[in-house]
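In what follows, subunit A forms one complex with subunit B and a second complex with subunit C.
Our next item is the complex of A and B:
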């Protein structure tokens, strides 16, 4: 049963991933990216990493993608992108397929499909974040802080010029 | 057996969510009439009459329901919406137009799967927890679902293909993102206090007494977090005084201007399910869930039933309270809304979190 659900989720993930690059309306691409992130969260859930699954939804599907859709709607982007020639698409597709084909055995060996082999509960993740990876964690939060301050400064400067 | 129990649980919880939402619809219609000194819906079904002696008791019940307006608000309106023309505006996609109401409703009902509706009980040697899924991410999952509910309104606004709808959709997205922060941080304070993410364990932690007489309910230990959670939660449900996304005086009907029939009703259903969800969360985290102060419920099905009734009673109280607030207070201005969200609730919730963490470390 779980395996069947896993295959359905995997098919959805691949389909929505293709949708992101192949759909022509920007909003549809964004929506299929939301679906893709959702299926990724479902995959985490299959690995019993509930916390990772939830944070995946909160951070990516719930916050970042809302902002992306917000921007698409505000700028009211239309599907104006021209498709590249069939020849280029063929070459890129073949290259990607070849690469994946070579990687497939390694992926199958290293990544478990289902089951609780990844320790993904809140306690474990919290402990390793605040003990083993405390330095990278703090550096990341510092980077985000700098980015926020930078964004505020940029937004303010634009306002001054306009008035 | 496990699958059977799970399916029964899913059915029951879905029924509870739907039932609460429809009770809310009725209270909204009749309650608003009471508040505005009207009579409200009282005609449909009120004059049913039969000479058949066996059908008489049934018809008496129907007449009673008709006078109370239940038939009008729950049955007639649903039938009317089902048979209405389903209009899709020109220049937009039919698929996305139909998808939007579902994206608004589906996460709310999914979030109900994390709500425990009664204490554990033992039946035929099996301990049953009346909760569909017990994830160790617990309350975070509900928060994730709340953040997914933004899409419904936003996409609906885009599908309207006119400026009023779009403005409504953008407003709803901005409002929900802004208030999600305060909501989440007040939630984190509760998580720090109880030391768990699981809603069931939170209720268990509240069954104790503080100082020997006061029940350890969240509202007594964390009053600030309760106020923030209530206000931010009301803003998340997008109802007055926070109904800027659909403000009738400026935006026709906001994001669902171009929706009719059953799709419109789905938005309504989602809204009332959100009210019920918010009430359930408040009861679980701040009002002790099924806990009756100074009373310990037995771990049998009788105890579970009593607990369930107490829990539902508390939820109903908070649903009615939200509806009364919605019909009492006028709408905010948009700058007031953003001011309240970013400059009052967010710093307050952060201060509350820091104070809670420090106190938790100290004691």
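Our next item is the complex of A and C:
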């Protein structure tokens, strides 16, 4: 049952990923990406990374995608670019499939069937984050601070009579 | 589910994202393809974290998400600012620096 669910999720992930690349309207690409992020959250849940699955939905699908869709609608973008030729897509797809087909047995041989019994809950990640990675954590807060200021400065409309 | 399947899925997703970055002209779609690539790498991070029974991989994914959020804010601000000056977000239209 879990296996069937996994394959359905993987197919959805690949399909929606292809949708982001292939669809002509940027808005449809963005909606396809939302589906993709949800399937990735499901993959994290399959790997017992519960905290990351939740964060993925809240931060990516919730915050980042709202921002992207907001910008697409603000600029009222429409699909104006030409579709690349089917021939090139076919060659690229065949090459990618061939490489993967050669790689897959090696990867299957190298990796064990299942991993450890690690549970990525809030407690475990928080403990690691606040002890081993405390410096990176502080730097990350600084980075977000800089990003906020940078976004405001970049997106602000500059007055005509300003220097 | 064998862990190799997650690695294969991650490889496929990364390739799809990379192809999107190379093929698409629209900056916002290119940005979204970068997000796909980041997510593919996140998936392999979590898989290796499970494989080695070590939480560090998941902490890495957390930081990747933080950087992606910062990148989204600044990147979209740059796109708005570019759109104001040349009324387009296509990569082919912003060729001022081209020789």
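Here, the second predicted complex is superposed on the first by the 119 of 163 C-alpha atoms of A that agree within 3 Å, B and C clash if a C-alpha of one lies under 4 Å from a C-alpha of the other, contacts with A are read in each partner's own complex, and residues count from 1 in each chain.
Just so we're on the same page, contacts are C-beta pairs under 8 Å (C-beta built on N, C-alpha and C of every residue); 3 or more make two chains touch, one makes a residue touch a chain.
Since we're looking at a predicted model, the values are computed, not measured.
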Which of subunit B and subunit C A:30 touches, first, second, both or neither: second
Which of subunit B and subunit C A:57 touches, first, second, both or neither: first
Subunit B versus subunit C as contact partner of A:142, first or second or both or neither: neither
First, second, both or neither for A:21, with subunit B first and subunit C second: second
First (subunit B), second (subunit C), both or neither touched by A:134: neither
Residue contacts with subunit A in the superposition, subunit B compared against subunit C: C
Subunit B versus subunit C as contact partner of A:91, first or second or both or neither: neither
Which of subunit B and subunit C A:74 touches, first, second, both or neither: both
Subunit B versus subunit C as contact partner of A:8, first or second or both or neither: neither
Subunit B and subunit C footprints on subunit A, overlapping residues: 51, 55, 63, 67, 74
Residues of subunit A defined as touching subunit B within the complex: 27-28, 31, 34, 50-51, 53-55, 57-58, 61-63, 66-67, 69-70, 73-74, 121-122
List of subunit B residues in touch with subunit A within their complex: 93, 96, 135-137, 140-141, 143-145, 147-148, 150-151, 154-155, 157-158, 166, 169-170, 173-174, 177, 180, 197
Residues of subunit C touching subunit A in the complex: 1-9, 11-13, 15-17, 19-20, 23-26, 28-29, 31-33, 35-36, 39, 42-43, 46-47, 49-56, 58-59, 61-63, 65-74, 76-81, 83-84, 89-90
Touching residues on subunit A, where the partner in the complex is subunit C: 2-3, 6, 10, 13-14, 17-18, 20-21, 26, 29-30, 33, 36-37, 40, 43-44, 46-49, 51-52, 55-56, 59-60, 63-64, 67-68, 71-72, 74-75, 77, 79-81, 84, 92, 96, 100, 103-104, 107-108, 110-118, 120, 124-125, 128-129, 132-133, 136, 140, 143-144, 146-148, 150-155, 157
